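Sharing a structure below in structure tokens format, with a few things to ask.
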Amino acid sequence: MLMVDWFMATTILLPALAGFVLFFVGQPAIRRLTVLALSVILIIASLLVLQNGPFTYSPRPLAGVAWNQLLVAGDAVLVALFFYFGWRARSGLIVGLVALQAALVAYLEFALAGVAADNAPLFYVDHLSIVMALVIGIVGSAIAVYALHYMDHHEQHLRVEPSRQPKFFFSVLLFLGAMNGLVFANSLPWLFFFWEVTTLCSFLLIGHDGTEEAQRNALRALWMNLVGGVAFAAGMILLETTAHTLAVAEIAAERQAGGALLGLAFLVVAGCTKAAQLPFQSWLLGAMVAPTPVSALLHSSTMVKAGVYLIIRLAPGFEGTLLSPLVATAGAYTFVTAAALAVSQSNAKRVLAYSTISNLGLIIACAGLNSALAISAAVLLIVFHAVSKGLLFLGVGAIEQYIGSRDIEAMEGLLRRVPLLTAVTMIGILTMLLPPFGVLVAKWAALEAAARVPLAMLLLVAGSALTVVFWTKWMGRMMSAAPSSQRLHVESLSPLFSIPLVGLAALAILLTAALGWVMSGLIGPAVSDWYPTVGLASGDNGLVSSVGAFPVWALLTVLAVLVVVALVASPVREKSVRAVYACGENLAESGDTDFRSIGDGTQAMSLGSYYYVGVLGESKINRWANPIAIALLVSLMGVAIL
Amino acid sequence: MTTGEQPTSALRPATIVPPAQAPARIENLERIPLADLLPRVRAMAAQGARLVTLTCVDMGGAFEVLYHFDLDLQLQHFSAQIPAGDKLPSITSEYLCAFLVENEIADLFGLQVEGLPVDYHNRLMLTEDSSDRPLLRER
Amino acid sequence: MNIITTARVKSPWILHFDTGSCNGCDIEILACLTPLYDVERFGMINVGNPKHADVLLVTGPANRRNARVLRNLYEQMPAPKVVIVIGTCGCSGGVFHNCYNMLGGIDKVIPVDVYVPGCAAKPEAIIDGVVLALQRLAERSESKPALAEALA
Amino acid sequence: MPNMLSNILGNIFARPATRAYPAVRRPPFSGARGHIVFDTKSCGFCGACSRRCPSAAIVINRTDKTLTFDPFRCIICEACVEVCPRKSIAVDSQYRAPAYVKTVEVHTLPAPPEEAPRAAG
Amino acid sequence: MITPSIALEILVTVFALVVAPLAGGLLFGIDRKLTARLQNRIGPPIVQPFYDFIKLWNKDQIFANRSQLIYVYVHLGAAMASLVLLVWQQDMLVILFTLALGGISLVLGGFSVRSPYSQIGSQRELLQMLAYEPMLVLAAVGFYLVTGSFLVAAVFARGTPLLFELPVIALSFVLVLGIKLRKSPFDIAAAGHAHQELVRGLLTEYSGRYLALIEMAHWYELLLVLGIISLFWANPLVVGFGLSLLLYFLVILIDNAVARLTWTSMLKITWSWGAGLSVLNLAAIYVLSYLGWIGG
Amino acid sequence: MSARTVIPFGPQHPVLPEPVQLRLTLEEERVVEAIPAIGYVHRGIEKAAELNEWVQNVFLVERICGICSFLHALCYCQGIETLLGVEPPPRARYLRVVWGELHRLHSHHLWLGLLADSFGFESLFMQFWRNREMIMDLLEMTAGNRVIVSTCTVGGTRRDIAQEQASEILRTLDKVQNELDKLLPVISNDYTVRSRTVGKGVLPKDKAIRLGAVGPVLRASGVAQDVRMIGYAAYGELGFTPVVEQAGDAHARLLVRMKETYQAIDLIRQALAHMPEGEIITRVRGNPRGRTISRVEQPRGEVVYYLAGNGTRNLERLRVRTPTFANVPALVQMLPGCELADVPVLVLSIDPCISCTER
């Protein structure tokens, strides 16, 4: 049996506390030990809660002070900090937003006494929270461990003196605690508090390197998230005044209408800012200046998931209202647009960022579709996307440290140069791209769920097609190799790199192999907590829905057999290897791809990939995409009022 | 194998014409000093003439380079002489299309051309094991 | 003939390469592919890629620069393969015998299996030449050691 | 598309234009330049043909009275036919058959022509 | 335990896996013959594809690198798997996903060699997928709207042919088939005939046995697409087969009546005429079922 | 922006009938630079022509190119005739027109097919080449050889065209024209053909002249220039107006050549109708002296021979500037900015003949 007090303390307070310690203790050895130990603890804790199952929890007052009063103090500290950052940067926008948010929160807390009045439990840990806790615990820990090595190298490379890693790990660990708090919270004001802490961490981490660009992008992330904060606060006020509750579980338990529905719409918008949905995508792209572990942890696998988590959480509350199809359309819209934008990017981290935005859009679309099947798809995506995308970011970060570039063009033939890193990165891509891996299973479920919502379905169809394009050409780039019969020479990696990388890669594949269990043990319950059915069940060969079936294992087996057959059936003999076709002008017999050209001279063959910037470039798409996105969000609100 | 009939050609001509007395010559051919070349070419370009081609002739110790122009099917020729070892100025600034024939002259005669936009370095037509400057007369 | 040999004989995919011909023989090869001669009747198609080809049709008297290209293409063809020279000038240099940039015949560059004389070689002669080459291919295919040699 | 459709659909119902060579052989046109034949009996070994031949396919040895003809060099231009004072050369309308090896014809007086393998190259 | 029904299933599967390439090869043979006749020539024997296959299989094996070869097997395997899924009357979307798996695999194979023509071919193949995938998925959605399920089994369970409700979508398969078969005007990634700027596009670096395997995958894919077309008239299935053959011949006819277009035209045409009209077809079904005129 | 792609296009490439390399620099599929590398067909004919006797050279220059061979011989013979001061008999001049235009006819058919092939219109290619065989039969019937007819010689022609042959020619030409009528709408109206050629590789008039373009390329850019206008052989007596198009794009070049096939048919009919009876050759004596320029309109445009003789059996210098040599610079200027898929179309749109270009 779980000792709930301890559990909550370890998952929320302990990381924060460890963060504070690391802030003041600069020794690398202690840092390493702390992070490693904490990772193990978080993983164990998340597994324990999985075994334990759902519970609710309201902490006893701490030394006589009610937690709600602590919350007010916490909010005040955050406001002060944000105000300070805004003032320091001379950003009227930020100062104004902070002021507005402070006013709204103060109104909620003091005039409406929204915090005090609730007697609902502060924390409500259901199956969905548990899924999130697992993601945070396992993927988050892997990334934190990876960061240990990464940041050493990073600071060496940038010649940072003295080390700023104490600050860095402070933010990272604080974030892990806040994230756990966020997914466990039942009380919206508490959720909001953790929400704002993650905003703070994100701000600090984006600006971590201290360059002008980093500062600028951090500020952009801050103000956009503050917009979300304002929407969040406004949503809470609306809910408090109309539905008279701020407990998530209660709000979700029944279909809301009128002002409460508008409140939900506000919260959905808040979720969209955190999930960097169009038109708020630019902060997430800017966040890519941060060291890569930050991108992996905050900006793909966990923090941005807070936005979609909130929407999924609340989805039962607007099931059957007009808000549902609109959320679905808005999400699907971001799904396709971000996928299109990803096609035009050659910066690997930006591709990953757009793909993240796109997938978050898909999750929101599923929340909007709001059926058991759709929600199953959404939760499946949260899990599989977190693993694969975390892996991809880590892979790209490591590759960048090896080749000094994150440009996809520079990754040509990487498979030969750094096979292990490339292979794990390719596993990341393959698990995002190919059936029957989890992401695709989720897409399949999403499409089947969407078939009744025409516009969303069309957007999903187009988006899926575009997704194939950018992943495949990136992967192609990394594989493109001149003829050679030489064996690959595997590079040696620090275990702090290889364990998280290989671990996540294995997890990405194993989770698909174990999809039946994932569905019945993790995702099914998370859905059936709130919906009458599960939507997806595991059948003989794979997953079965009410309208279709996906024989995951059959296909996985076929795939495995094919790869083995191919490897066995194609022995590479030295003399079988021929130069590529160069219209008869190969220079070397094999091994390189130079050719003879003008005046019998040697010409290096060069091959560029395609980005279709003329059609799909940011400047082309954003011109119409952002206005449409704004219109969609506005109509979201409008339809809630109707 | 079938044996065909004798070809139907009429091989035996009826009239016999004596050879012409004076050697034939090219009409509208003007000898110009090398220094005048570019201005004259520019003038042709200004008139809208089409550059037909260049012809290089090895005169032994010097080259004669003929510039052939066409204006409404009327030909106009300039002839410039250039001692072996000197460099021929390229006319590509006026007629870009001359780059091909100038490279060819450089290739086949070893006459260096100055100011080529694309220089094939004596490897336009010839290659490593080709004979060197094949169009020079054997002396 | 066993089935493999039959298939080889019935599916000669050709690569045509011109090493300095006058075009005369090339257009006759092309004519072979078109309705009046339609060599696709015999499974012949012009694949244009050495890696896909079984039969190399060469025209022209081996230009010096082009000789290396010819060698390269020949090497890129997977065995078993046959080479047919089309036209007098490819057989020996023909009318270009005293041109400085020519090596003479194709057999100075790569091994040749069949010579088709003619200037230009007529489509019928080209078809005859292919038939001859396929006979050789069949013989090699039937006799294991010869094939092993060809494959080596 | 419609324009071409009428063409190709017409073809479907027409007989293929293909000549069924080699099953069916068209007789050569009269006067076709197939290959060169020598009538050594009348030849005077004067060498006119050899001098005129643009591809040096004929070599005359006046001392041993041999005429060596390389059919794989001959471009069947008929120049030798025109120039031969004794009409010892004629053109056959059938083209020369392809071969695995290149051979040369050696004509002597009075023995009939024999085919000899050529030295490689 | 092998029950009679499982035994039957296995039998049917094996039958499909054996017959499909034979039928596919034969259809390609007929294609070549018909094309020849359209061009006023005799053309190769109908069994020509099999000669080609056997010959290719027995060529010397050459390649540029090993990863290139893995993708061939996955390509073929995916084509076979998707056909099996169709025979098992599985989920339409999964069938299409599996088909896409094979498609992506071939693209990756093209990319895996540092060769200009195969890489450009791969880039274009991606565009081709971008062109036909939406049409295929829309067709699956159409099946769903009419039958209420994505399972192929539901199509057979339904009495009336889908063609009545989905005529435009059925017709859009002319485009799909044209692209899949690498026929003009959309044979941009690897033209069936080599006279293209890309030599053989993404197939340039494959030869011998691997080319044979790709060819075989092509046969399976042909049968798969024809099978999907047949679903538009599933009861009795022969009519569906007839329909699919009709479209097949239509594609051959078009191939011979047009020039090759460029990728921009391809995307324009497939997304406007193909996907666009398919959407209208779907919209009509929405409206009609809303009005209660058709059950869905 | 993505990295540039630099690739060899040729020497061996399925869309190139002859070996030549274009080093293409691409940005994605857009061509930013195309530089030709040639010399894969260079034989050294100009030098060989100095080594041979001038009589033998007729057979050599014919083999500069098998497609336009008769007209090479014609240009050479007309040049030598000028040096020798010889006039060929009238009938020979008409015969030269007949064979010359038959060459243009087969060459244009050949090209129309190849162009169709370059944009993937296989069946159109097949139709043109099927029809071309009728012309090949005419050549074989009249000259004894399909390709390289060898009928032109210094002083006249080596063969005559008998009456029944002439009527066979006329009958066949009717058939050829009938077939052309069926394909003309495809060439001029077909949507796919137009979308691959209209607006592609536009060469404005002034640029065409400045770049030295000749033949159909020049005429498609609105310049009414055709060497036949100067009236060599019998053209002066037949009355000749060149075919001109204004657009300057690939489609205009297509139309010019398509219309020239009709023109060629018409000229052959006229020549056969007006052909005087009489001798076909003037016997010549002596050796050429002095120098001259000889020009002939080839299927691909103006060919220019510079001939210099010194009274011996060997020429002093023979220089050949062929139409493709003149059109290559225009091509090089046309390519940048086009799509990779247009490269074959544009390359073929100048009807390149590399064996002519390189000699």
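So that you can tell them apart, the chains are marked A, B, C, D, E and F in the order they are listed, and the count of residues begins at 1 in each.
Here is the rule we use: a residue touches a chain if its C-beta (ideal position, glycine included) is under 8 Å from a C-beta of that chain, and two chains touch if they have at least 3 such contacts.
Source: prediction; values computed, not measured.
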- Note on the structure: In the contact graph of chains, the distance from subunit C to subunit F in steps is 1
- Item | Shared interface partners, meaning chains that touch subunit A and subunit E | C, F
- Using mean Cα positions as chain centres, tell me which chain lies farthest from subunit B. A
- Message: Based on mean C-alpha positions, which chain is nearest the centroid of every protein C-alpha shown?
- Response: E
- Whole-Å gap between the CA centroids of subunit A and subunit D: 79
- Give, as an integer number of Å, the spacing between the C-alpha centres of subunit E and subunit B. 58
- Task: List the centre-to-centre spacing of subunit B and subunit D in whole Å, with centres computed as mean CA coordinates.
- Result: 36
- Query: subunit E: which residues touch two or more other chains?
  - Reply: 36, 38-42, 60-62, 116-117, 193-195, 199, 204-205, 256-258
- Contacts with two or more other chains, residues of subunit F listed in rising order: 5, 7-9, 11-15, 19, 29, 35, 37, 39, 42, 44, 47, 52, 59-60, 63, 121, 123-124, 126-127, 130, 133, 144-145, 148, 158-159, 190-192
- Item | subunit C residues counted as touching two or more neighbouring chains | 17, 34-36, 38, 41, 46-51, 65, 69, 73, 76, 89, 94-96, 98, 100-101, 119, 122
- Message: Could you list, by residue number, the parts of subunit F that touch subunit D in their complex?
- Response: 52-53, 55-57, 59-60, 63, 121, 123-124, 127, 130, 133, 140-141, 144-145, 148, 150, 158-159, 182-183, 185-186, 189-192
- Touching residues (chain side subunit A, partner subunit F) in the complex: 346, 409, 582-585, 595, 597-599, 603-613
- Note on the structure: The subunit D residues in contact with subunit F across the complex are 1, 3-4, 6-8, 17, 29, 31-33, 52-55, 75-79, 82, 91, 93
- Enumerate the contact residues on subunit C facing subunit F in the complex. 15, 17-28, 30-31, 34-36, 46-50, 60-61, 63, 65-66, 69, 73, 89, 94-96, 98-102, 119-120, 122
- Note which residues of subunit F are touching subunit C in the complex, please. 11-15, 17-19, 39-45, 47-48, 51-52, 59-60, 63-67, 69, 110, 113, 125-126, 129-130, 132-133, 136, 145-148, 353, 355
